Amino acid sequence: MNRSVDVAIVGAGPAGICAAIETARRGARVLVIDENHTPGGQLFKQIHKFFGSARHRAGVRGIEIGRELVDSAVKAGAEFLTDSAALGVFPGPRLAVNVGNEEAIAVSAKRILLATGATENAVSFPGWTLPGVMGAGAAQTMLNVNRVLPGNRILMIGSGNVGLVVSYQLLQGGAAVLAVIEAAPRVGGYAVHANKIARAGVEILTSHVVTEARGVDRVTSAQVAKVDDRWTPIKGTEREFEVDAICIATGLNAMTELARMAGCRIVHLRELGGYTPWHDRRMCTSLPEIYVAGDAAGVEEASSAMEKGRIAGISILEDLGFIAPCDAQTERDDLWKSLEALRQGPFGNTVRRGYDRLFGDESRCSSCTSAHRGEDFMVGSAPRKAPGYPSDTRLAKGPVAVIECTQEIPCNPCESACARHAITVGDPITSLPRLDEDKCNGCGRCIAYCSGLAIITIDAAYSDTEALMGFPYEFLPCPNKGDEVSLVDRLGKPIARGRVMRVTKPMDGTRVVYAVAPKELIHDIRGIKWQAGGESQ
Amino acid sequence: MAKTVDECQVAIIGGGIIGCFIGYYLSARGMDVVVIEKADLCSGATGANDACLMAQSKKPGPKLDMAVESAHMFETLADELDYDIEYVRKGSMIIQETEEEAQAMREFCTAQKDAGLPVEFLDQRETHRAQPCLSDHIIGSTVCPLDGEVNPFALLVALDRAIRRYGGRIMTNAPVVGFEVAGNRVTEVATDRGNVRADVVVCAAGAYAPLIGNMLRIEIPIRPRRGQILITEPIAPLIGAYVMSAKAIAAKHRAVAVHENNSGKDDPMQFGLGMIISQTVNGNMVLGVTHEFVGYDAGTSIRGLGSIARYTSTIIPALKGVNVIRTLAGLRPFSEVGGPVIGPIGEYANFIVVTGHEGDGVAVAPSTAKGVADKIASGAWG
Amino acid sequence: MRVPDHPILGSAPAAEKVVIEVDGRKIEAIRGEPIAAALMANGILVNRYTAKRREPRGVFCGIGRCTDCMMIVNGIPNTRTCITAVEEGMVIQTQRGKGDVR
Amino acid sequence: MSDSKESCLVCRCEELTEDEIRQAIREGCTTLTAIKRRTRAGMGLCQGRTCQRLILAILAQETGQDVAELVPDTSRFPVRPIRAELVGDLRDGEDS
């Protein structure tokens, strides 16, 4: 039965739902169409805590944000059509939609918002078609949504945030991630994510590629080799990994099929993932009735997708006369400020450059601050000079937080977590967190709030030979008071033994394990490793 | 004056089935040819058709003769071109759903039989034994074992290679932007990628021929007519002979204005006009085809796709469960003078137009192209 | 390998167990989960063999785009198992080459 | 089963190798659509969603162009497979 609505939104991910909230809330008849059973898009696979500021729901896990957004969209009056794939855009504009694989209908709308998200880039190597070789997104869905582990010994290709975060989540699922293979000379994602898996023993091999996957009915081994600066494998550097799954996380690109079918102008922006529908700052494409938002309008993070969804919603309301142009402009300006905040810092360089090219103000090519991007970040390095790292004198006095956050990433939950205001990030939110070591009493509250799990506490005055160290812990099984654990350095190498003194109740899934450790190693021990039955790995 | 980048005896505008066949037959006779294509080979109607080579749908006369001659030429083409053009001869079957259609087909096919075309009449039982997947409501059919199918993409690859083997050139991504003329002769074809000097210019630009003609102030009586098509996932063999509805022929036979402009209001397939179902060698089902005057809009429409799917599923119910994976639309050169437009037109003796075959282009291409090549090689044209 | 207890997701909610048949073998699955997940949980990773090279294929994109996880489900070939929900009594077969539609 | 980089698959659905794609380009295919017509790459069930990017990279490499100058394939209904029976539901007109 054909439908006719004010706004048809394709894709119930963060962008689509935020646009639905904005438009439905102010009276537009909104239909959100999504081919999956549950709305929420990527959010329902993203069990990690989000970055950004409190306004961006930072520190909250994606899966939680997804539930909240869907609830508020429903409350706002948006109608959801799930298990329904929008298969085509036709003049009108109209969408041809396959509803539940039982009926195909035409949905005509005054405005269509394409929030179809992004899809994973493929990378081909001999054997890449073997079962067990899959996209990192597929592995993440299989584990976080279906609770099925795609393999027990896994190799990850790609060290962008997806590669690092999915590797960590596979560890949480109980798999062993043997290595992250990165063709570029340095890690692509955030240092805090890389550190999380490095201290769990995952080897991060930069300037390496998978040259071949082997196996008969499934992948059973992978050959990895070092590459030169033109990414050509160097003979003689081959290494063999016994694996039963290989995940590919080599970037995402916008899903542009519907935009192209509608006739929207497409531009190629490498910084935003490749082909992207051209759009203006109102998120309107080259066709007045078609809008884009989220990764479908250029690949970024989910937090940015939400803001772009809101901007598109506001612009559509303005088009349809639900709000006055001047109000729309003020709301958009505010949203653009928030979006720009998310794009600050070195990691934002690429995205900012992409949007500068898109909006044609090349001249304003943002100052590409390459500091702190990754040059000085080497996995396993001790950031003693970071503003969150307390002085030796302070360490000697008693419990204090140690914040190993060394990159200007848009994130400030630690600031609001500290009741004593001992941590300041300030404006912009990409500034490094500074610890006021006198105000800080080492209470450890910030440990569980940090989205990157980059904070520990050290009480070097615990005894003359021992210090009490508090580590974030998000694995099962979890050690108990009195258990002996292995203390590992930033690369997961066991360098000492320790005894658990206390384990906190999980705060949104994150516990803090306090263990006593040799005092002389407090600058090296950064995690614990524990195997049920006492003997650590 | 733009730069002349190539020189030849015959410049052929249009990299579709007609242009490439003419290029092949001319170069096979030692003529120096350049094929000029605005995009890629096979990017026009040739690449968007049901690939059926049908004689059975033609009234006795020149068109039927050319279709029969072409059918025989196709038998040896694969070897001649040394390429698998996926030519198969499984015959064609025109099905009848009403007694009126059966009657019209009896008269129509008797005339064809008299003209020498091998056609057989099958009653309801014979029809269903021949193609068990057909719907029970079909009351009979006529079958022509001479009719076959070809893969247009493979065919153009074969012709491309053959032309190059004979020394001919193929200029793709070279839209024609104008001509140089001297007296009553066209001397150069101007394209985005430079000019091509030629003794004879052939316009085989299909539905775009009028746009080429305008550059020489020649009016070519052609209009683009859109045909939408659905392609399904590849499946195991479901049909042998491809299946066409008798409605179009019955309507034509009763001199109902078949070509009325049905792109406006009603359902382009309301009478199942021109419904056709074929299966490629790869196993994909090809479901077609609408006939709409919508100018140069090569898009698909909800109405067109819906009506094709509806009608083809009533003819072969098993199609209901088969997945459509692609849809496309081709702009076919519809002739306003009832038949193909072939020969020198306008004041330029060496400007030869070859178009206007609408949906039959592939079926009659070999004999049409050979005829044109003979006229040009012998100097009769040009 | 299923993950009943997860540090972040907690323990798996009570779910209705169903039995499905894969190439003649009965396996236990959870109603509503994707067929591909049920198979993977039972160690079955090959969903089909390709037409030309007869090579094994399994889940690759996991979101219904790449069509490598196709199997014959209740007689219907080319069914993408990563987005098709499990129902009691489903009959699933490994697909070899192209689907046979009758 | 180990084949070298050149002959490893690029189009998973239609099982085409990198060699076959490069050969088609050398025979004059200058666009993704031309490569599809000549080799069937992109004609499979996923309609090029997986191989399009890989083939564009090869095309850019072989022709010395930047990927930004290349054109993606024409996007057509349906962007996911759909039973012909359901396509038959599609009609004009609005009911509600």
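The first chain written gets the first letter, and so on, giving A, B, C and D; residue counts start at 1 in each chain.
Note that in this section a contact is a pair of C-beta atoms (placed from the backbone, for glycine too) under 8 Å apart; a residue touches a chain by one contact, two chains touch by 3 or more.
All values reported here derive from a predicted model rather than from experimental measurement.
In terms of Cα centroid distance from the overall Cα mean, chain D ranks first. For the interfaces A-D and A-B, the C-beta contact count is higher for A-D. Here the spacing of subunit C and subunit D, counted between their Cα centres, is 26 Å.
With centres defined as mean CA coordinates, subunit B is found 53 Å away from subunit A. Averaged C-alpha coordinates put the centre of subunit B at 43 Å from the centre of subunit C.
Subunit D has residues 12, 45, 49-50, 74, 76-78, 80-83, 87-92 in contact with two or more other chains. Shown for subunit A are the residues in touch with two or more other chains, namely 35, 88, 90, 96, 106, 119, 129, 216. Those residues of subunit C in touch with two or more other chains are numbered 51, 55, 57, 60-61, 64-65, 68, 78.
Taken together, the touching pairs cover every possible pairing of the chains. Considering their complex, residues 1-5, 8-10, 12, 18, 49-51, 53-54, 67-68, 70, 72, 74-80, 82-83, 86-96 of subunit D touch subunit A. Subunit C makes touch with subunit D in their complex at residues 50-53, 55, 57, 60-61, 64-68, 70, 78, 80. Listing the residues of subunit D that touch subunit C in their complex gives 12-15, 44-46, 49-50, 80-81. Subunit C meets subunit B in the complex at residues 51, 76-78, 98-102.
Taken together, the subunit A residues at the contact with subunit D in this complex read 1-4, 35, 85-88, 90, 96, 98, 101-106, 108, 119, 121-129, 211-212, 214-216, 253, 256-258, 260-261, 266, 268, 270, 274-275.
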